[in-house]
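Below are two complexes that have chain A in common, paired first with chain B and then with chain C.
Let's look at the complex of A and B:
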């Protein structure tokens, strides 16, 4: 017998509460930023923040999908690097038409993602180990290829995806990011594949016994993560107009932090892209604010660290409160 | 003051959670050396009452006396120091510590002035303790590696390392076979002979007269009554638990069987020890698969469903051979398997009721690969109503449902695939009588609709009460096929245990 829909309301409330908690944290940070600095709310600065957040968010979408399905993709930073290196080498040294270079980079990202997925799903190496291992190998290759050199100064046509503007107003990284987020949301919420990814993460055994091809889903999730890392790499180098072998080194952990700040469960099966977007914005807003206020760099890491913990803490508190309501 | 005659007296205990009165003026007592059975359906308040006793919950009102003294503060440590021990259904052992370490987990003996653990003494003491209870468990084995029955013994021994007066046992026989249950009962008698009082929670009504002295029944958080175990029939127990008369637990409408729906020929699998299994299930039939735990019943169902591989043999589903595929292929062809471990294999607890129900039917419901809310809602609501799943809504998390309702969600998942052949592995394990009866009724319904049902069960009454035919398994083979008239408790047990000429050993 279906009773009233009070339980549904409770759950919606809880999701809303947790979401509101995150959103509130972001809002408070924005207010603080606006009070502390005149330029914070200027159109140019906001566009700057979102553009900066775009690379993190594009990576975050891939990371969220990987974590929902199985576990973190620690190789994303290295995949970003090698794909950026290959694409720019093709464009710059070999003079290859840039769309082909971009497609080649995406294909390479997908291949590396496939390797991750294969190691995890078919061989059974935990994602934490297999992707971490792959990261070392791939970074190694990047160093071998570049031998410490920096490739810089690319064609404007190639650079458009990173520093161009759509209709002369919206920075291209934001456009790419919005497309990726919309596509990801659609896939996770509205398609059978998305549903199956959640099922695999929530209970791999039950999913398999319900006819879900769990190994294939895990491989698909990591292929996606690899492709998005490649895309993030293209956008990033096109924007900063240079690439070196450690370009992706400091991305992965902040991205994973953004995903967890967004409420995705570390054990899989639960998480939203909207949460990841907010998590990434929180990190970027604070970094931007500290830049504007010229906060001593010694303090910046500490602030970010405290912030990450606080955001997740809010989330967990909300969840606990909900659990108590629902246990009754 | 409490009454000195009693080891334990709980008077008018009330406990509310936001929105729910879990216990409403419940009283319960226990004499030294007595086994007092606590009966009730899931959600009746048994666990809450025991958590109050064990100090995990603080009651809103009511009094608790242990040894005649009023207990004034509630925390697990304090309860333990007053002599209360509890063995939960899911054991509290540390899997990768050995038996002796587990037994002394919270007060390991030390040596070298407290700097090091005294392993030798721990093993010596653990061995002595186990021996005094006539238990044979290797104290150096890891808890993870020993059988469930022995893990339980370790839990008992662990409780005894404190000055134990009251031992709460929650469904202690749920995962034991008959021989192990006998051993457990011997242990319980040994404990009561020492003057320890046992609170015994169980859903297995048939074993209660064997071990219980008195019975107290709870329903919906209220006290229903207490009686001597000898004075209550099983029917009366059920009535008290459900609050209404359950006329007939098994209500089967036997009909002539149809064509064969599932046929297994000469199936063998070295990995799981199945050898030369042949069986047939017809449309309109419920066929039982009986046998001891470990006789290969679950392995057989998993092999048929292609969860595990098998080397030789043929599986024919609805007249077509089911070649080596995977569960996905089996499902698409109309086969369903309701697995024995609901929480690990049946459900994704952190997903919603709706997500669980459609999980096995995604490609059937949404052939284009895009979800359609309306369609999902309609299918799920249909089964929620049909199976009378008690949930506040289809978006509720599965983990918030009671055991019986969770099992119905798994059942709904398989109904939703529109399967023709259903395999049920222990479909009523750990669920209460009311839900059991409903699940039996649905199985009968399936048979009446011309579906084929194969049911694995360790509960002989349900095999006998429900099945048209029964296969009995022993050591990976089918040793008997009995029809409804031949299938008695004695015959099945005789075949399952192996008669005089049995035990030729498994081909290795």
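Let's look at the complex of A and C:
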């Protein structure tokens, strides 16, 4: 009996330690940034960082839920792109009332998420192949629609969600991000659906045995991921006031990095949205630092790639050590 | 049963589709079923066949390599630099192969020895390797013009498809390794039952590492031929290649879960992708539409193939 309880305590301590480690990493990065650049700690730059992080966090919430339940949604960058393209096209070219355009984009994101979920759960293609494959087709269609052009300069009412300020002070991307994170946390922690998603990811067979419709849960998780990718796309284009066919390409690696930095387990069943938020802040601070230090853009993906590998390596090492302590 | 009839039995649907497509395309253009066009098709599909063979090994073993396109790109950049530095041809080939093997070996270390999920390790490597190739080339292609090197991928006198011959030889090597070496045997064993193989005395960690390194080796050789054929090393040429390679393996009958497959079957998958690509030009599909259509067809055919192969015995 003592063995189990001490095992639980060690696990809890390790989780706490990992959480502190993430905060520590973020704090160190902030100190380094402040020392390296005068403007880093300016209010303007900080607001910039959090606003930039918001898009990654919105995507990251969907990604975290997908990975907890089954596996990565590597199509998120492409879904973001095509939904942004469709929404802006409706607003700008067809003059459709902007809430309808936003709803249409969300519906498209959910549809693409459904396709991913269907391929994974019903056909049985692993998510890192099905979503990776869907990505190329979707980017292809975004390219067909835009034909290499850029759509820019949208109506202020449409831009409010990315460019506006709530009560004149809080940037709207941060507001949307906070709503998404709170909603996601509530769903994962306080609802039956949330528990079932964790259960499906931790052990799909056991979840099915205990009466969970595992295929339906996987499809739901990917629909959610698709919807959030669409939302992130709308916020992003409303903020930067332009859209082109490869706008989402730069988001795939950073989002995956943020999720794993947040301690989500690659094999499913374990992960928190708070972790993803911290992970996204770390990634954004790193990106911001590279901008301020004028690091050549060619190295940006490389740095993120190395960060992904290092983070997961550290996580694996910690898990192994934990297992050894528990066994002793 | 002979090897060929086994292939026939494994992938009938895809082969029939290919035959149908060739007939349809030859109606659209009188030049489609000409020797010259078939030679061009061979040249275009050759390198993909090598990369797909690499992907097939990894998938049979139960793994995944999303960095193959990036490995090909980096190996190609080093190859071009070696050519332009005046290396003799055998040394140039060795450079490409070594760079590819080194990248694959890093993947293998991360996956087999450190225990990372394949998709994470190879996705991270993809980012790193494209960064390296972009930095080394300053974001521009490196042209090569050494005649004796370019010969390796040339369509000599418009009749001798050297890229196809070079890649054919590399492919035969892959088939040999699959059928006649320990590496080949353990690839199937690990894919079929990794724990069981380990318990029966197979050094699974080492062999898993070796599979990724070998995939990198094949990809590096493929990169040499690609640079010779295109006469340029482009810093992002490999984007999406890993996906087409995975698709070719799946279409060729390689199973995603149970360590079953055959490098030879992958030929059929590569043929399908190459035929579709050429056919879109023949039926004059505008080039803007091609990525969307090819992407859609490939993902649909994967869905179809996996659906067929699991609707019978394997399901659950």
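Criterion: the second predicted complex is superposed on the first by the 296 of 328 C-alpha atoms of A that agree within 3 Å, B and C clash if a C-alpha of one lies under 4 Å from a C-alpha of the other, contacts with A are read in each partner's own complex, and residues count from 1 in each chain.
Note that in this section a residue touches a chain if its C-beta (ideal position, glycine included) is under 8 Å from a C-beta of that chain, and two chains touch if they have at least 3 such contacts.
Everything numeric in this text was worked out from a predicted model, so none of it was measured.
**Q** Would you sort A:270 into first (chain B), second (chain C), both or neither based on which partner it touches?
**A** The answer is first: A:270 touches chain B but not chain C.
**Q** Who does A:230 touch here: chain B (first), chain C (second), both, or neither?
**A** A:230 contacts neither chain B nor chain C.
**Q** Applying the touch criterion given at the start, work out whether A:202 contacts chain B, chain C, both or neither, answering first, second, both or neither.
**A** Touch status of A:202: first partner only.
**Q** Just to be sure I read the superposition right, which of the two partners does A:192 touch: chain B = first, chain C = second, or both, or neither?
**A** first
**Q** After superposition on the shared chain, which partner residues are touched by A:212: those of chain B (first), chain C (second), both, or neither?
**A** A:212: touches chain B, not chain C.
**Q** Between chain B and chain C, whom does A:290 touch in the aligned arrangement: first, second, both, or neither?
**A** In the superposition, A:290 touches no partner, neither chain B nor chain C.
**Q** Would you mind writing out the residues of chain A in touch with chain B in their complex?
**A** 1-8, 10-12, 189-196, 198-199, 202-203, 205-213, 265, 269-270, 324-328
**Q** For chain C, which residues are in contact with chain A within the complex?
**A** Residues in contact with chain A: 64, 66, 110, 114-117, 119-121, 123-132, 134-135, 139, 240, 243, 246-247, 250, 256-257, 288-296, 298-299, 302-303, 306-307, 310, 315.
**Q** Tell me, which parts of chain B touch chain A in their complex?
**A** 17-20, 22, 305, 307, 326-328, 330-332, 337, 339, 344-351, 355, 358-360, 362-363, 366, 369-371, 381, 384-385, 388-397, 400, 413
**Q** Okay, in this complex, where on chain A does chain C touch?
**A** 71-72, 74, 119, 123-126, 128-130, 132-134, 136-141, 143-144, 147-148, 253, 256, 260, 266-267, 296, 298-309, 312-313, 316
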